[in-house]
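You will see chain A twice below: alongside chain B first, and alongside chain C after that.
== the complex of A and B ==
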């Protein structure tokens, strides 16, 4: 007697039942479920280890509402999704989007802009994402933080800490608030409009171009890289800088180059109490 | 008894046996006839005995009854099965709820376990599938279905592919996603239960999910004593909520159980010290170089009529080896616990928490070794438990928290210590004792009567004079890190009751 027959006889097996349809066992239901397993502030490696690189799974997690609690997790998921995607990924604009991005392209679409983008994107398949208010779009901070590659296009005004600690890749935004490209180590950042305070704070490598104007203390403690501003700059431009290049096509505010130890500052004109060894553009 | 009822009871007893046979004769007590919970309290007098069938259920016929019994049996043998499993699901449901409430959590745990149990039965065999669907179709026919029931029925229709009423709500799809990995993976149950609770919370209440959570310990009446290992990871309020979901709220609000269940996970690995001694072995030759006193005349002469040294002379040989430890008297244990305000109260990680946990474990260990235990819990006033073998009594004293000033009751300690000379006195305090010198004589006498071990928690407030004074009492441990307190207390208790010991915290 075969083992199967023996077991059937022993357990008086009747007609076998049907198997229910089952999906993947490692499915993560939502961001809360993910946070339960790895905590609310995990590293990228931990997220990578747990989240399968499956389009449906990533879409499911991106469509969850992260709130403030799971913003970092959501940011990591957007990066993983962009790295897996073959086409640019279009996403709703939220905090920590593109966190530690390595490759791929993410477009954060402004809802007011109906430009003809034909790529297959998240926003098309999730109409809820278009219903975000403009104020929410503007409030998204930490976009592209610690990214090492890839591109991020922000079709709207970014919040604080745009491209903070980025080491590679590039970010193009229509505008940004304070602390843009803080502690930048590489890559490039383009702000097509105005930037807030402290742009390029502690920047030691990489290139920043602001096509509009900057508020005060741009290039503060800068030790390398370049900052180009097409408009005007607020006061204390390049304060305490020790390296790198700052070029301002417009006017610099007062006390430009205050306590500067190195690097170069060029501007069309300077306000009062500026350092003496600054260059004026012809 | 009414003859009609007797006839019916014979029938349903057969059905029960058939159900048990279907599930390979699980060891469950026979159901009893009673009034349904909706109508009133069951006739059966014990509240822990939950398998009660009422007349209304019997009227539904033997097929439905068999399905019901199968369903109940699978609850007891599969999901949630044990109190531990039920507690984990309760915790998950509480986490999933926006407004955590024991009643709602219990209801949602029941709904979740019902889905798991019936999906499991459905997959088992086609006969089981028929029985499962019989019960759900009967529910679907009821006129007073609540939104919760409709959503669950709609989900089961899609999940099982069964002929049940559909429900167009988006929550049905969400539930399908939650159960898409299947129901057989136990490690997923907590996550699935939490998400189920989150999805179904807005639809509460309904017909589904009523009644107690079904698990073996509650059925067998041992739920009060079954340890819940996850207590160590929960704050007391969370733990009480879980107990409330399980319907196990005790008079002391779960605090005693919280400490007790945590102490279960602290293991004391015993290493009794074996003694090495010589013992007599087989006779060996006595030679002229051996002492004359070792010569065994009687034995040698029994083997030969003449004693020829080194030839017919024998002595008793001895060997040295490990012997079983000598049975020693077990010292009784007196625990003196500070519950003043500076001990911070019974919250996770506070001095009170660690001190009480250590005291619980020490008491339990001494008790298990046959010692009698006494306890004093003091602040500005004090309460005490006399020398007893009743651990409950001692634990009731230990869990009290007075939260006033620190006045050590020297006289009470001395009286208890003098009742049991040689007892082990474990005193845990943060040494902000305001009446130390007034009570000094009594404390000194108590330390002379027993083995006094003092654990001073607050290192920052160490006073040189107090330190010198305390050192004369006996052993004093200054605890820099609160985590060490439990280890040290257990170490001391372990050493007193089983020689060498070391502990492992899991």
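== the complex of A and C ==
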């Protein structure tokens, strides 16, 4: 039999079928699939374009282990999930969580203390995430980076670059390491414990409150906004600042206000070699 | 009594029973019953042997070898007769081999096949699908044989199954435990299985040997032939594999990142990236003969409905689904058969509904009715692995 006869018999002389629908790339099973399509350092718009706002899809991607390679992708996914959720989203604490968040609430929880929240609890539905939570709480950096809205609650000590380049919304953390709220453009940040070095570096107009103490160079190059520290500050408080307000309820270290060009610094007391025009709290 | 878990059109049957019956109607094929302990896999095969070979159940049980690490070729196939070297009977002549009942029978059950250590599983590579057995330079010719095998899921004393051996197994059927109703009926049964075996209908030797001819009388229509060809190619073609053939892959495979960045990767309509292995030509043969056997058993045409129903059982044990797909709903890491069923359905539907234009262009070019260059140009507009990796290269060779 000729091939044409075979095909004719198979299709029983029906009308020619359609061409195949191909080129769809809407199935993304894990972060690696996503990275294959948009790379490891995409923009938020690229992620938004490819990831459907579907709860199951977002849950699936959040449950993936991002590692260092896909940390940014994971961060964008957490923001998208929080923006879609109707209740606060409880997540394991990892780098870049809440990256460019626009609205919604994310709680990064030390899952040993659930305290009976009636919220959508990712950690409860993914018990494998519990085992690493404590160590990750100690290490997760870049949390809430470039966020423009929404709230992030960190029930533990954040790593470096907490709220870096944030423009809106708010972050409340139990503590943080270095470079917290660097290049802040708006919104507020509250650190309930101690902050590391360089808190509020280049802050333009955000409000920062540290209920514990800060290490050296808090408010470095500040040009606006406010930094309130309830405890003590290390040396070089407000170094090279040109605007904004710094208030320290405790003691400021040596050389506070060194080469300051503007703004105001108030502290209960100052260390040696501090600028002369600083105000002392009564 | 078992669950009717295989739907062929409006007919619903028990997959384990009907695949075993179909295999009994064929020769040189092997059906693997795969399931938990005590699911009556071995009993079913022995009961069928009792009925088809017209023998007692005890005799049927002699046609079985059971896997364990101490099994040897001598125990399974046969051994050299020591009497040939005694002074009284020593004479020049061929070596005498005492063949086992298992070797001489044309009904062979390999029980607990995955309890054979991996090296010893190689013995069956030679035996399965062959009409004769060689040992010590002698040949045993039991003729066309029905092969059956059983195995449990991975347990502490089992060994991994070799891929080449799995490829020689025509169909793999899950064997589930009796459901509630079946359990109830079993509890009401008073007769022993040996007594029940005596009540089974008996086939004469002539009837048993005539079954393959009766199956062969069933013809496959062109739709089924075309669907089988396309199904095999859908699973086997890979743009990045040598000769576009996934069976050539060694080391790298879709689950290890082979498809990363590929044009078809993550395309839900493409099958290639969802499965690690390609399918061999044995699959094509098995699909054809089992379609016919089921059509014969169910007294219906060997059509696409039959093919859709049985093809997953013939394919799923030979392939590995992508873990990232299998782990998510609705498969939850254990629904490999369901995933393969979905892929089979997708391939057949696409072939019948969407590939007609592409196939006709190719056919006319092969038959010389149209210009090959024009056909290649037309085929290049179809974003389909079969068109791009099969049809166009074939036409380029004809040009």
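Things worth noting here:
Going forward, the second predicted complex is superposed on the first by the 255 of 282 C-alpha atoms of A that agree within 3 Å, B and C clash if a C-alpha of one lies under 4 Å from a C-alpha of the other, contacts with A are read in each partner's own complex, and residues count from 1 in each chain.
Just so we're on the same page, a residue touches a chain if its C-beta (ideal position, glycine included) is under 8 Å from a C-beta of that chain, and two chains touch if they have at least 3 such contacts.
All values derive from a computational prediction rather than experimental measurement.
By the touch criterion stated above, A:3 is placed in contact with chain C alone, chain B being left untouched. In the superposed three-chain model, the partner touching more residues of chain A is C, compared with the other of chain B and chain C. When both complexes are overlaid on chain A, the residue A:29 reaches chain B and chain C alike. According to the touch criterion, the shared surface of chain A, contacted by chain B in one complex and chain C in the other, consists of residues 11, 14-27, 29-30, 32-33, 36, 60.
For chain B in complex with chain A, the touching residues are 24, 119, 122-129, 159-160, 177-178, 180-183, 185, 188, 191, 194-195, 198. Within the complex formed with chain B, the residues of chain A that make contact are 11, 13-27, 29-30, 32-33, 36, 60. Contact residues of chain C toward chain A in the complex are 221-223, 225-226, 260-261, 264-270, 324-325, 328-329, 350, 352-360, 362-364, 366-367, 369, 381-384. The residues of chain A lying in touch with chain C in their complex are 2-4, 6-7, 9-12, 14-30, 32-33, 36-37, 56, 60.
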